[in-house]
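In the two complexes below, chain A is the common chain; its partner is chain B in one and chain C in the other.
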Partner chain A sequence: MYLITKNDVKKIAKALEEKYTLYGPYLDADFGQCFFDKVTSDTVNLNAPIPANPPKHVVFPHLETIMQYKYDKNARKADIAMVFDDTPKALFGLRSCDLTGLQCIDRFFLGQEFVDEVYRHHRSRMFIVANTCVVPFKQCFCVCTDSGPAAQEGYDLNLTDLGDSYLLEVGSPKGKAFIESFTFAPATQEHLKQKQKIVEKSITMFDDIATESKAWVSRVMNRVTTGFIKEEIWEYIGNQCIECGACSYVCPTCTCFNINDANTMSGDTVRLRTWDSCSYEGYSRMAGGHNPRKPIEDRRNKRFFCKLSYSQSKKYLRPGCVGCGRCAWVCPGDIGLPNVVTYIRREIHE
Partner chain B sequence: MSYMPGVCTFCGTGCGHYLKVSGTSVQGVFPSRVHPVSKGRLCVRGWNIHELLGTHERITRPYVRDSGEVTYRDAIATLVSALSSYKPEEIAFLASPRSSNEDNYALMKLARLVFKTNNISIQAESGHRNSLDVLYKGTGFAGMLGSLEDIRKAEVLIVAGMDITTQNPIIGSELHYAARSGSLLITIDSRMTKIAKLSKKFINIKPGTMRQVFDAIAYYMDTQQWGNTKSAHYEEYKKYLATVPFDAIEKETGVLQSEIAFVAERLAKAKSAAVFFTSGISGLSHDTVASIFNLFVLADKIGKEGCGVNPIAGINNLQGSFDMGCAPDLLTGFQSIDDAVVRKKFEKKWKDQLPASKGKTVEELLSNNSSPLKALVIVDHDDGIVRFSERLKSLPFVAYIGSFTNKVAVYAHVVLPVTTYIETDGTFTNAERRVQLSSQKCNPAFDVLPMWKLIDAIAEAMGKPFNYEHASDVMDEIASLTPAYEGISHKLLSKKHGVQWPCTKDNPGGTKYCVPHNVAFVLPQKPYAAVQVTQEYPYLLMVGKAQHYWHQNNIMHKTFIPLREYNATLLLYPDGYVAIAPEDAKKIGVRDRWPVKVVAQKAEMKAMVMISDDVAPGTAYVPYFIREGIASFLLAYSDIVSQGEEATIPVRIEKV
Partner chain C sequence: MSEQKIVTVPEIATIEEIKDEIVDVKTFYLRFDNKEIDGNFKFKSGQFIMCTVFGAGEFAVSLPPSPENDRFHITVRRIGKVTNALHDLEVGDKVGIRGPFGNGFPFEEIKGKNVIYVAGGIGLIPLRSSIVHVLQHRQDFGRILLMYGSRSPQDLMYQYMLEEWQKIEGFETFITVDNGTPEWKGNVGIITTLFDKVEIPVDNTVAFVCGPPVMFNAVIKELMQRGIKDDMIISTLERHMKCGVGKCQHCAIGRTLVCTDGPVYTYRQIKTLGEQI
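Here is the complex of A and B:
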């Protein structure tokens, strides 16, 4: 635990940049939209609002080549090669919701019977610097999903803005080793208390600032798990879905993907992995043409079973929602997760 | 820092997006949260546009039949020598509603100035042109009168026969948001579409009676004296309204008089109201658009904030294509080629004479086997044109210009590749007249030219170079010749989410909603032609679009997720489908996915049954997409299908 200056934060970014490809929040120069993507130690902006996109695409790209093969007709031989990306990557200034999301994806790709090698390579040489949210944003509800405003685990370093300085916490041996080359002043328990106060204050600010979304998730999880939700509610929700897939694409914990082979002009064939969404009709269609989830409401409720049922939460070891509010941003209907929770709660109270 | 702002180029909504570009490849897409129209939303197509842009099915080298791959120089020489050997009336140009304004303008100039022909058109001629004609006659503006940005400001919103959440999903989303925040959303349609489900009022009409219903609403409004009687031609319009069979309206259209009265009252008394109807390859007829427009003139909902008569273009630059004069009788900005003063202005700027008599559309030339057409230049076109494959095969010369491989290209004697829209600068005009700049995001992945440059090279080979250094030079020329675009330049548009024309030098911010100097009722041209069923043909067949795959299969085929969604329906119904109501299925004795024969007077086709609550009993719905059987069936009825969304054909459905 160290107390560092704002300039030291930049020094850390600079040092990371030398060994890693640096990813972090930055503001788009034309319109000011915040993205989480490749940055330099000069362009990374820790004061930027929550990025429009979660960091999911760093480890699980929108479109990615995962295999290549070439068939030699004469020799009757196929050259097959897995394609891995194991460049070291540093995620700098990750907010706690997104860090929690990353952990959920880890549990899906790495924590089950089969380990996804493509994902493992992305993730293997990663350094994570988290950033505590000292103020929430309009659409945040991480306090309802136990994923913020400060990161509890999963980081190598954690930064908290104490006003005139930063509290730097070390969360892993990798983080400890990295910090050894610096001579930072140690922080005291007082500083830790100061951080806790800031976090508590941030939580109280949700009432006034985070007004766009509220989602009392726990009560609804019970309902979703036991299945006591009226058909009409799912229909009401399903009717508002235009099947764009956006909720899955912006969700920090959604992991569904589709595989396609494409012939390239050089004669190779590449196997591509693309994001997929349970809202699409083709997603749940079987080879024979039967679709167990043909009506839109049956597809739509699947998403909320995945995020909010106990059985699914066992897989993530937590609810599948991290309270970032992005699905509410991008939904052409009005059925981002916070609203769905509201509709279900409204029914409970009626 | 690889997310670069741009414009989605699927449909006419013109949503803002960011493309994740690395080198020359596009690896992802993300919506723009501050875009005034899309506000952070994209549809299934927009969310997967990088799959199309990253396709391996590009045309990478110029190609000449018999010689194979050649240089641009040789390909252009072949093209020029072929086209020079024909008379102007034997040459035609098929422009693409997907090309940028700069590309379309350059092509239009090439056709008229260099090859002296006015035979230039896009294929989606009828639908949007009908809308523009009516609006131009009535207000002097050939474009949407309202604004998509203003949807939430309207008290009453009417969707007329359009599956808007499928065709332009983000506009559908805006309507849904407006309805949720208190606007009265009314859908008038023959099918229970998603927007109908989301509406506060759904008025289910008999197929093909849209015009009667709108006239009846106007009739009621007028008899109650709620209407505006001050606009020009009111007296003639009143006479026309007197012929509306209001007493028989329920029998004719299936709509109760009380429902007509409800809409009339709410519309007349609202402060603001807007109407939305489809205007793409299938659109409404001139007279139906006129009925809709006249109702809004009568209700005094023209030229005010939150108001508008809004045709929704299905393709990204459909509006822009007309703005650029890609029509046999138009120069840029809806200026008529018949107008000697206008022609003189262009002749002075272009320093040569223009052909004065108006040309023919490519559709007219192809469908008439005795037309003089001998040489055709096709730009980036959809499969729709394949309907004319026999004629294309017999043409002495066909050239194809495009970025992607395409079924039409196989008929070409010369193929000229061009860049995709992200590899050059260009502007696109969306359904609400918003001209947006899409800046170059990467170098061309292959050694290919942007289209405006290619056209310039062709002109140069003909000895009449246009001398464009940059796409912005083309826009500057457009601005100098087009009053509505007068103030537009790439400089003005950069770092902006577009400007809505008319945009003059004095009004660089553009025009959100059009305020006409004079508003006139537009009188219909033909009497009602409601198609009636007979005992022999008891079902009214509607022809329309279905989720994800309008007419642009060719584009969808180069993606993965949208293609799969397209196939989701196509795999279930491999021969296409005809949707009927459950009670009709019982009557005919078929279950879902059973094959049936759809028999009409002039043609028949096989299709599978889709049982759906979305269609009313006594009607059937067949999606407009290209599948042999359906295409040939529709070709026999091309006169009816050209009426677009209103097209109805009496049919009999037989179990096989």
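Here is the complex of A and C:
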């Protein structure tokens, strides 16, 4: 635990930049919007609002080549090679919701019967600097999903803005080794108390600031798991959906993907992995046209089942929702996760 | 998990022989190029593989051969982009194989029971593995019945095998076609009409059902009416699949994934999963 200045924070970013590709939140002047992507130590902005996109594209890119092969039709010979990306990457200024989302994806890709090798390589040399949210944003509800406003685990370093200085916590041996090259002033228990106060204050501010979203997740998990939800509720939700897939795009824990083989001009074929969304009609359509999940409400049902049921939580070891509120932010049909939770709760009360 | 399971990089196999089955359906006899894998590719009846057609993509396909003493092959209908490309291949061409994936048929649990197979059209392909296995272990089972229907006599799968099967003593085969031809001497009518003609065992009986959704639902109704319990009706499901190992989520039905928890389900499970067949 150290007490560092704002200038020191920049120094850490600079040191990381030398060894890692640096990813972090930055303000895009053209859009007036904050995004999470490649940054330099100069452009990274820890005070920027919650980024519009989660950091999942760093470990699970929108479009990536996972395999490359060349098939010589005349010689009848095929050379297959997997394509892995294990460049060292650093996530700087990750908010607790996104960090929890990243842990969910970790457990899903690495923790089950089959380990996703492509993902494992992405994740293998990663450095994570988390950032405590001292103020919530209007769509946030991480207090409802137990994923914020301060990160509990999973980081190498954690920063908390104490006002005129930063509290730096070390969360892993990797983080400890990294910090050894610096001479920072150690922090006292007093500072840790100060941080706790800030976190508590942040939580109380949810009532006034984060007015747009509230999701009583635990209340509906039982209902979603057992399926005791009226068909009309799903139909209503389905009718609101315009199948744009934006919710899956901005969700920190959505990891459905599609695989396609594409032939290139050089004669090689690349196997591409792209993001997919369960809201699309073609998602479950089979060759020949039969689609077991054709009605839109069936497909919507699937997404919320994935986020809110016990059985799906087994793979994440927590609810699939991390309370970032992005789905509510982007949804043109007003059926972000908090609203769906409200609809289901309303039905329970009736 | 067995170490022969091929998860990430497809193993290259050569097409040794191609057999025309019916219109748009061909059987491809395959042999792995890697000698170590060729003899050691162990799978369970009811499992499936992911087959790469180079330059076109990858598709999931059931394994029709019996795990014991059977030539390794897949039987594929020309239906989508990748299967079209597969049908254009010739003997000697290469394909990529990943697998085997899925759970397989529960043979241990059904030992000593009567077995009814009900198949429609190319639904006989995924059941072939099970049928051959059960016939190989004839002594472990009671009565064995096959009820098979297709649109027309030309659409009957594995005609050469059907002829052989009809000769096997104790293997009761009933075949029907929706639309007969002048040469056709057998039953005419949809598959459910067979239920009026055949005295099927009910107690201590397990039924394997595979076929198009309409046929599936009609057959389930007939079986249930006759008193066969829903957990004694076994089917193997088909879904859009991309990875085969539970990551892409395309094959999710309710809380299960067809690729890792399936593709073999009992009707009791299918009922509670709450999605159409």
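Here is the rule we use: the second predicted complex is superposed on the first by the 342 of 350 C-alpha atoms of A that agree within 3 Å, B and C clash if a C-alpha of one lies under 4 Å from a C-alpha of the other, contacts with A are read in each partner's own complex, and residues count from 1 in each chain.
Here is the rule we go by: a contact is a pair of C-beta atoms (placed from the backbone, for glycine too) under 8 Å apart; a residue touches a chain by one contact, two chains touch by 3 or more.
Note that this is a predicted model, so its numbers are computed, not measured.
Visitor: Does the superposition put A:S309 against chain B (first), chain C (second), both, or neither?
Guide: second
Visitor: By the touch definition at the top of the document, which applies to A:V199: first (chain B), second (chain C), both, or neither?
Guide: neither
Visitor: Touching A:F109, do we find chain B (first), chain C (second), both, or neither?
Guide: After superposing on A, A:F109 lies in contact with chain C but is clear of chain B.
Visitor: Would you check which partner chain A:K38 touches, where first means chain B only, second means chain C only, and both and neither mean what they say?
Guide: After superposing on A, A:K38 lies in contact with chain B but is clear of chain C.
Visitor: Between chain B and chain C, whom does A:I209 touch in the aligned arrangement: first, second, both, or neither?
Guide: It touches nothing on chain B or chain C.
Visitor: Considering only the touch criterion stated at the top, classify A:Y26 as touching first (chain B), second (chain C), both, or neither.
Guide: First partner only.
Visitor: Under the stated touch criterion, which partner chain does A:V134 make contact with: chain B (first), chain C (second), both, or neither?
Guide: neither
Visitor: Counting only touches as set out at the top, which of chain B and chain C does A:M286 meet: first, second, both, neither?
Guide: So A:M286 only meets chain C here.
Visitor: Answer with first, second, both or neither: which of chain B and chain C does A:C244 touch in the superposed model?
Guide: first
Visitor: Take the contacts of chain A with chain B and those with chain C, and give the residues found in both.
Guide: 258, 260, 263, 276, 285
Visitor: Across the complex, what residues on chain A touch chain B?
Guide: Where chain A meets chain B, its residues are 26, 28, 30-33, 35, 37-39, 43, 52-53, 57, 61-63, 239-240, 242-246, 249, 258, 260, 262-265, 272, 274-276, 280-282, 285, 289, 291, 329-334.
Visitor: For a test of understanding, state which residues of chain C touch chain A in their complex under the given definition.
Guide: It comes out as residues 1, 7-10, 12, 14, 52, 54-59, 79-83, 92-94, 96, 213, 238-240, 242-243, 245-255, 260, 274-277.
Visitor: In their complex, what parts of chain A are in touch with chain C?
Guide: Residues of chain A touching chain C: 67, 69, 71, 73, 76-78, 80, 82, 108-109, 112-114, 116-117, 227, 255-261, 263, 269, 271, 276, 278, 283-288, 290, 292-293, 298, 302, 305-306, 309, 311-312.
Visitor: Taking the complex as given, what residues does chain B use to touch chain A?
Guide: 1-3, 5, 18, 20, 27-34, 40-44, 46-48, 50-51, 54-56, 58, 60, 165-166, 169-170, 172-173, 176-177, 180, 194, 197-198, 495, 497, 547, 560-561, 564-565, 567-569, 571-572
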